[in-house]
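As written, the chain order gives the labels A, B, C and D, with residue 1 at the start of each chain.
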């Protein structure tokens, strides 16, 4: 099977939209910095295209490494900030570690009976790009750090290239008999954990782009679920075809929609100077086009009908149903796991996007910057519109894809038709409402009622953090949110401002990778004693080494 | 004259010219900045030329003992160069350089005797013992761990052009000495010799990686990077020798040869040339940074991208290149090594190279990015001429080689 | 003549032992000078006179130059240095003199055992030559490792070098005149440069203790707040 | 045919809250507002104007209509006749529940659009409950797939023959129990939410619509009633075996039974009190366990 075109599409589409967006996004940048952005941006796109078009293993690895490097240049664009430099480093490490493992996988692939080893190397190597937990560490760091058009390209088009790699190098064998079980389960479990974990961590994030980054982890998880199911169920069609089609449709949906969302986040940042959702709010009024497009894209990505995101998930759900219907206990288990996890993920995703929309665009502005924001230049939201329109085209696109896989399309067509019916009915009801309450009657006249408070202010409103707090509390054993109260000081009659501040760090970074890195750094420092400056020690080392070599010579 | 010899001769000559030119720009500024005593320029240039001459002598030496004489002479001629500035550090570095290298070279002499004796008697044990001493001896000058101890000191204390020449040319010359001995080894000890070289190579990369983590001195960092690359080169060479079918042990460069040996040979040559050029670029840039900031502390240099744009570019790209990232040709050679090496070795080398990458990129990022902490003393633009030329050469050749590789392996 | 060779080699061992036990620099230099003469004489002594006849001019020349360089030139250079920098003795070696002697003695014994094990029968001038060479090289390295004064380290290096030369003579190594002279030239230049370095070290540190020469290293990294940089 | 019964369901839907309230009134010994109260309320509301706050945007205006539309379409695809032949076979149960999800999504956004603290709070709780409810629903769907061997919505609900029904009655009861919890939570009934409460802090669904009035409120109230109808119908269909009846008879039975479900809801509301907010996740996770248990029992026995 050849997946090239499928993965080239997002590169072109998101690349184009991001480029349009960037022309305005960079407007405030110093003139000298812009060529740097464009250089890295184009290099990234070229390298990504190179990954897909690479004619051989070596060319693939070359393009892969180049892609990481070029995009690291994008991440480092605003390197005056420490967080950006840290993110760049983490990203570089992730890219390079991935590339190293891919080289190893390349070595192993050439051997006759090392396919599984190669697969595991590959899954970690590509997983470092895709963002399987716990290899996703770079995503929540690098996405907020990079300029929005870069994040859009990276999240929308680059991350899924990991799946492209997996499909290109491992698909021909991994869905066959002896390998299907381990490979499929690996993908499936990674996908389940990634999907649920990603969205769980997305939920309490205050930084909009960090939220989107974690939700990318979720989306990649969903794709992995689809792939895993496809591998497991390839021999029990139509499970395999359904799941694979679903996964691939989700690749495209995610690319277009997440690209649009990141661009919108960029617009917000450019117009307000912050991404902290607790300082935003009320932007739907001030940036109506951006806000509307963000809402629509989020709807699509939450997988809700009538948008295309639903169709991809529908295919995966159908695969899971089909798996449950089989007689194989492994497939039944897989099916149930997928159903439960995907449903939970869907619910959380809806919650997370509600939060993102609500906290960023709805209500009253919570800061001066948000209050003074105005709509972006036209081309910035036109870029998002472009992606949204393309994503609508994915509705027939998904049906076409399903047909390519030889699947019945009733399911999808019905979903599309009734999705359309929803839209039509909604339009009818809106018309009815307009008829019942003419425009004059709905003129906004008063502040929000708020149960009788005379002067409701934005500070009373629910912030994004407050909105997600119940769910975040429920899952705090996993999230390990840091909360601290800034108590008021002074006399109770004239208190200073008090606040409850909460942050949810990435557990994989804080709880897993950092200790490992620190451990090795400490260990290495013990070895540094060998280079203590003493000539005597140095010469002793030489003598000992020569003796060891001599012994080896005489023993061998 | 075999391929390796001719390439090394060309490389050494190019580097000599580059460093000679850089010296013209570097020394006057350095004298003004460092203050204190320094060697007279006449002696410096005489030593530099002598250094070049002895290296050429070592590469062209007709017999093994004469080569020994030449390699020892390179030590003697280059030692005064290290102590160009008569500071405490440079004196110490020179002292260690002289003593450790001389002891190493003494071992090499002993090894040479053993090998020559073995050649007359044909005794395999003598060959083995001889090769051990030769490997230890010339390995000391090549900078193979654990014989490398002089290297970080000497490279960090010497003036930049000298460090560049030491790292780019001298290490290769002594590596060449090892290859000559390896070529005369009989078949029955060949596998031991190759294994020993692989062991030392891996150990070197490991040592370098370990010492690069949390390194605080950017010139020492580069020195350890040289150790790492010499380790890789020795490994590559050993792998080539393991696979080489012909008994004469001659390396032949053949671009159309896609057999494992052909690929590895290509990787070896590619690695030697690219490492030398990149390292020269980096050492020269490091020298300029030293002049601008008057310290080798990594923490003191920050925000080069704002304060010294040209140097930031050179430094960043140089480090990215030396880490073996595309489009550097080192990526291709390391890829070749990994693809052709035994699995355990490939995995180990990749892990170690990852550590190196992590350490070096951290330094590169913290130095080039952010806001400048200290305002650098401006350095003359002429100091950028040679590194910039090298930069262009590296980028162009890297891109061309990458393209060539992609095209020739696109099947 | 073989017995004479063995006497010479035994003398070599003796100088090694005394060197290990002495702390006075002038005496140590004299001992090294003695070794230089012995090294110079050795090829002549080991020459198989009855079978090969009178040695060619090359052998005489090498012996002469060897003896002159190692027995006269270098020791006087070092002695000059000692006088100039007013260093009299090696105080506080890392390994005490008594222990040093024992170690060197142990090295000798080990070399003999090792040489015996090697079974090098062919092309050997004297049974003793190889063990003595090993012992001398070991002594040289040991001296470098265990002494603090820069000059003692140079002496140690010379002893090490002598050991190698003894080995060469022992296995009747024939390099040719150019190489022999080249090696000698190297040694000479090396000691010359080291001598200059000693002067500079003495002037810079007001001492010849190499303890002052261990400032460059990576151990300070263990204390991240403490940076020493140029 | 199916559409006909859909229309009937549309007409009958406002009856359900009336039945619930009358049942509660009966248990409390009150006279109650009457079965048709909601019809009158809706009629009244449709004639009123829609005031709107200066904070809100188009989302607030459109959310009730979109929400209702999604719920209605979900009703449209529901197999009222419980017959695979007369309904669209390609309709997935996923579409059904995701349409309800779309409706909820817009309700929540509409609530957040007002910028009111109470509505934000209500929205926050709503998404929490619904997120936790989703896996229960889908595990039950999986169970249905296992039990019926079908994957379309109609197939799932039209389903199992009487023999299997008897044999797996225990797991079936468990599944129905779990789904009843879903129904209560989704329709904002006690013990998850109390629509009768007058304290905003304890409201969930009610808190979200504090600012809505006029036709908007009518849409919302009607939507809630219709959603209850749908879920009640689903519950009944879940319970019923494949009956040897004509399609109209089955549909009539189904609709009649939904009224019975409303009575049941009323009884539940009369006998237990609203639960503490922090306790509700436990109940929902309990329901999830029950659903999984049902499946396990089905698979193992």
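Just so we're on the same page, a residue touches a chain if its C-beta (ideal position, glycine included) is under 8 Å from a C-beta of that chain, and two chains touch if they have at least 3 such contacts.
Quick caveat: nothing in here was measured; it's all calculated off a predicted structure.
Inter-chain contacts peak for the pair A-D. Chain centres here are Cα averages; for subunit A and subunit B they lie 42 Å apart. In terms of their C-alpha centroids, the spacing between subunit C and subunit D amounts to 98 Å.
The geometric centre of subunit A is 68 Å away from that of subunit C, both derived from CA atoms.
Here the spacing of subunit B and subunit C, counted between their Cα centres, is 31 Å.
Shared contact sites, meaning residues of subunit D that touch two or more other chains, are absent.
Counting partner chains per residue, subunit A shows two or more touched chains at residues 525, 528, 531, 535, 539.
Within subunit B, residues 95-96, 99, 103, 152, 211, 214 each touch two or more of the remaining chains.
Here, these are the chain pairs in contact: A-B, A-C, A-D, B-C. Listing the residues of subunit C that touch subunit B in their complex gives 122-123, 137, 141, 144, 150, 153, 157, 160-161, 164, 167-168, 171, 173, 175-176, 178-179, 182-183, 185-186, 189-190, 193-194, 197, 200-201, 204-205, 210, 212-218, 220-221, 224, 227, 229-230. Residue ranges of subunit C in contact with subunit A, taken from their complex: 94, 141, 144-146, 153, 210, 213-219, 221-222. Listed in rising order, the residues of subunit D touching subunit A in the complex are 46-47, 49-59, 61-62, 64-66, 68-70, 72-73, 76-77, 88-92, 94-95, 98-99, 101-102, 104-105, 108-109, 112-121, 123-125, 127-128, 130-135, 137-139, 141-142, 145-146, 149, 151, 200, 210-211, 214-216, 219, 277, 281, 288, 295, 299. Taken in their complex, subunit A has these residues touching subunit C: 525, 528-529, 531-536, 539-540, 543. Subunit A makes touch with subunit D in their complex at residues 281-282, 284-285, 288, 291-292, 295, 299, 302-306, 310, 313-314, 317-318, 320-322, 324-325, 329, 332, 335-336, 339-344, 346-348, 350-351, 353-355, 357-359, 362-364, 408, 410-411, 413-415, 418, 421-423, 425-426, 428-430, 432-433, 436-437, 441-451, 456, 458, 460-462, 466-471, 474.
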